[in-house]
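Next come two complexes built around chain A: one with chain B, the other with chain C.
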Partner chain A sequence: MNNKFDALKDDDSGDHDQDNSSPKDGEKEKNDEEDKEANTTKRKAVVPGAGEHPLQYNYTFWYSRRTPGRPASTQSYEQNIKQIGSFASVEQFWRFYSHMIRPGDLTGHSDFHLFKEGIKPMWEDDANKSGGKWIIRLRKGLASRCWENLILAMLGEQFMVGEEICGAVVSVRFQEDIISIWNKTASDQATTARIRDTLRRVLNLPPNTIMEYKTHTDSIKAWEDFHGLVNASGGR
Partner chain B sequence: MSMGSQKTTSQAIPTTRRVILNDAAHLPHDYSTTPGGTLFSTTPGGTRIIYDRKFLLDCRSSPLARTPPCCLPDIPGVTSPPSVTVNNEKAYPKPTVNNNSISPPVDKSTGEDAQFEMDI
Partner chain C sequence: MIVSAMFYALYPLSRLLDRVSAAWQKPPPVHVNGREVWDGGGQQQQQTEDSLQRNSTERSAQLPQDKHTHTHHPQGTLVETLERARAEEELQKTLCDVSQMEGVLSETPLAGLEDTHNPQPVKNQAESDYVFSSVAGKHSEISPHLTADAPSEADRCDGVSASSGGAALLFASRSPVFDLSALLSDTQQLQMDAEPIGWHFPVGHGLAEMCYCPYVQFPDVSYYPAFQDQDNIEVMWRVWEDLSEPQSSDSADASPVFDFSVMSYNILAQDLLEANPHLYTHCAEDALRWENRLQAVLKELQIWQPDIVCLQEVQEDHFQEQMHPVLINMGYTCIYKRRTGSKTDGCAVLYRGERFTQLSVSLLEFRRSECELLDRDNVGIVLLLQPTAGPHHQFTPVCVANTHLLFNPRRGDVKLAQLAIMFAEIHSVMQKCRSEGKSCELILCGDFNAVPRSPLWTLITTGELYYHGLPTWMVSGQTDLSYKAHHNRLFSPLWPSSLGITDRCQYNTDTHTTASDGKQQYSHEFMCQLRFCEAACVRPADLELIPGVTDKTPDLRDMFSLRFSPSLRHRLSLTSAYSHIHPETLTDLVTTLNSEGAAMVDYIFYSQRQKSGFNGGGESAGGLKLLARLSLLSEAHLWSLRGLPNESFPSDHLSLLVKLQLSSADI
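Here is the complex of A and B:
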């Protein structure tokens, strides 16, 4: 019924682009409860092991996948997203990364998120609410390599913007993949410019690559407009 | 500055300082560090732990980096193959999802030159 909107939604990267079709899948509710449990429990502080190389920050891997037929709401977004695990050292990062599929091999409408521990990959998180993201659209076949370069630069503190980086997302979509990096202060132009330049350098982007900066406020507005359009009650 | 001294007394600024390394393991791991201390102690935003891509990739082959993480959630198609459940994965030679075996030796070891040309 709303196929014409799918293109619109898929045009965004890795966040609330929910499927807003039929909110009629009550049988999934039980799973949601369990998922939520999994997201909130096991919160032991991770520390670098002996002989490992500590990172400047601890990070958490998340995975989300759009389930067809879900009601569109913040809640369902939060329930759809799963924590994979947190790490504090280079070696711990590789342990996770090496046991996860590469983004280019993911199927369907899925995202990997790598955020600093304690920051949820959601616009509403305190660290994100005044922030924004750089978005780069990639033709199919490039996502795995670009994602790896992006997260290695983030973990290795190559961006040199102090505390500004929040996390990174790779979004696997139908015809293209999107990588993005989120920062805290969208209005800080020195920071966003430096992030852009670092992205160019670490991703080996040709100078004519289109990079788009989007504030989360704009993303939220677009999301609300869109859902107001298809669903008078707004959904959130 | 000198290693192991308990208190610091005022001294002339040394023009050279020798740091003797007895083992290659004492070499610093990143460019911001010199043997015996940090060279650039004041960087914008304070001292940070910086690693370049090559160093991070080199760490991947360390035994410490190759054991499966504990409590890795089983997400079919993401942390395990779509069908099989990965459980007793003590011996990692054939973990079911392990992109260690697919990617790094071939396309990573060649370093910067291996970067692809991208046209978007």
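Here is the complex of A and C:
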């Protein structure tokens, strides 16, 4: 296993493509990642409806897509990512989910992100900056089922790692799909091991499934190296 | 069929024998059932070498034409002092029995039938299994055929089961059939050290070809068409069916494997036998005696020495007092679970201690006081076994489940609920294993009291069953009760939620718990139940419409199927090791037979090795590979053996026996 190549491959296949996501700290409305924090100016707080089943945390769906025809490096990550909506109960989750296309049916270079409300699906978010993620590469055809299993487990608090979970991402690519789950503390090995085991269980993964843990600092570094390399070699 | 064919073949010669029989002082053997025929070399002999030789020699002289019959077996006399009168009495009985089946026999074929069908039952004498193989005199030219054939078959079978070792390899280094040439020869030799051949008795042209002598020597029978159709090969006995694919290249695939054998066997509890005499009216009394059946069951285990044995209908007192000590000596570790209530029998799982270590065991009772539906006394056992491998290899654990579901053909609802409990426990055991990062294979054995392609069978093999409105008698497919005016039907929910099992056949203990730390926890199943609730079907007001992303409408078909076509599902992928149809003759195979009918109701299901992996990799992702299975028989075959139980098959069920292969885990 060669990590350098993997890192490059990651970016090449656009694993989580945080293209040009220049850290804009000014835009972080919420320095406190907990959702008890007052919401951003544009959205009012979501609460469970009467008789609904409240979730432990509120979550937000995001969608991102690389615009075809333009080199990835010229697009801002933040330009391409869109909030779809936030929810606070199981019922509200299904309302959004039922009206969204399944990942396996998405076209092009797209991602769904599901993060706790207040955490942006970006490496640089305060909740993420010392974190990392488990990555599972899937052959085509499996993404929809795996994604559903993953987010149901996350929303239903099946990971049992306290407040460590930040969110989950499914990335639809040309030849494969990638799902990943992000947590706060990459250095907490007990937590990452527990997340891995829960993933295996809820996704029904066979034992030889390759699961890779990657810290966000490594991701940032690999991204910078890659783009540095691209620039140095004249935009190859 | 076979009896009929034999009859035609033997009729002429029996007429001859009739004429000459008076000249023979030696009465024909006295015992009426053909244990030797079925059991092949598995039988142990009681005769002395002397008596055996004398009898055989006599017989080969006596019956010069027997060479073209296939089920021939040299006979010995168990009790030499038996009176001739007694022998004749027995013969008469034989005749009656056969006549019942064929309805056409006259007295004349007595001798021939006797020779063909009624070899001598014999009892233990250590190390005296025998094979007649030496050939002498005028027939010696036959032997090359036989000796050439035998090793090749032995090789093949060896390959199948190379690693299971021991006496389970029945064909190793010896002829798979009784050597007919021996019957033709003037002298015989007894091979004292021969090991069990097993139940292998090919019938058909193979032997006929070898015996080149004309089979008809008497003009008066020349119009019989017997044995003309030599292409019609019929294998009448239980043989190993080799299902392993030929290894393309050993160099490429050198990963270590763990081969093991699994048997499932309903051995028919004596109490149940005696409680239902109407099911066994066709049986000889001896075949129903427990002592005889016990010995035959134990012998079957000794012959095959399976690594894992799942038994059903094991009577507790018999198990504790008679079977357990023997099984311990054979190296088995035993887990027993008696049925609840006043039932005296139960299920047992045996595994060889040197091949597996036990990780966990669950004993299941399907009687639940909190659930009116589950008022029956059936039980199940779920084991998690770790294959014992060398220090350099690690194999994934194997979950072994054994059950005997309710018989009552009308109560499909109960059967499904019992099966769901079984699945839920298996699922929980396997999940526990998976959460430790290990994969887990599954073998589900038992008497499911449901026939192939029945809804219950479909649920097991496909993982899904739409049951809405299904009459309960239809679930198992055992009997057709469609003539009844009123049918109980299946409607959702099949069982009350107090049972704690979802329609995914999983425990819902964790469906919705506000955990001790105040967390809102929801299981996958629970969340899915809310999927199409009213609130979830309304489009959120603030949801921006992005074409191709958020322009989906809730799938009404999904919604409909979930709401109005209730189904049972499970997530264990299971394949039946046995096909219910004979691959060549296309006849239905059965695993049980009694006076009221025959059917396949016993199965060995296993998690099959898949061709393609989960990831893009494409390498096989775990799973068990089916290497071989011991063939079953059709109902006609079994009736030709006087039904079940008989002297060689001690139960009204046949044993199922498969060889499976586990690949080394990726570690």
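In this section, the second predicted complex is superposed on the first by the 182 of 236 C-alpha atoms of A that agree within 3 Å, B and C clash if a C-alpha of one lies under 4 Å from a C-alpha of the other, contacts with A are read in each partner's own complex, and residues count from 1 in each chain.
We adopt the following convention: a contact is a pair of C-beta atoms (placed from the backbone, for glycine too) under 8 Å apart; a residue touches a chain by one contact, two chains touch by 3 or more.
Just so it is clear, the model here is predicted, and its values are computed rather than measured.
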* Have a look at chain B and chain C on chain A after the superposition and call it: clash or fit. => clash
* To do: Considering only the touch criterion stated at the top, classify A:R66 as touching first (chain B), second (chain C), both, or neither.
  => neither
* To do: Using the touch definition from the top, say if A:R196 reaches chain B (first), chain C (second), both or neither.
  => second
* Examine A:W94 and indicate which partner it touches, taking first as chain B and second as chain C; both and neither are also allowed. => both
* Of the two partner chains, chain B (first) and chain C (second), which one does A:Q158 touch, if any: first, second, both, or neither? -> both
* Asked: Thinking of the overlay built on chain A, is A:G85 touched by chain B (first), by chain C (second), by both, or by neither?
  -> both
* Partner chain(s) touched by A:R145 [first = chain B, second = chain C, both, neither] -> first
* Pick one for A:K133: touches chain B only (first), chain C only (second), both, or neither. => neither
* Considering only the touch criterion stated at the top, classify A:H53 as touching first (chain B), second (chain C), both, or neither. => both
* Structure fact -> Superposed model, chain C vs chain B, clash-positive stretch out of 201-209, 309-317, 345-353 or 543-551 is 543-551
* To do: Name the residues of chain A shared by its contacts with chain B and its contacts with chain C.
  => 49, 52-56, 63, 82, 84-85, 90-96, 98-102, 106-107, 110, 137-139, 142, 149, 152-153, 155-158, 202, 204-206, 209-210
* Asked: chain A touches which residues of chain B in the complex?
  -> 29, 43-46, 48-53, 55-57, 59-60, 62, 64-69, 71-73, 75, 77-79, 95, 97-100, 102-103, 115-120
* For the complex, which residues does chain C have touching chain A? -> 396, 431, 434-439, 512, 515, 519-524, 526-528, 530-533, 535-540, 542-544, 546, 548-555, 571, 613-617, 619, 621-622, 665-666
* Spell out the part of chain A that touches chain C in their complex, as residue ranges. => 49, 52-56, 63, 65, 82, 84-85, 90-96, 98-102, 106-107, 110, 137-139, 142, 149, 152-153, 155-158, 175-176, 196-198, 200-202, 204-210
* **Residues of chain A defined as touching chain B within the complex** => 38, 42, 49, 51-56, 63, 82-85, 87, 90-102, 106-107, 110, 136-139, 142, 144-145, 149, 152-153, 155-158, 160-163, 202-206, 209-210
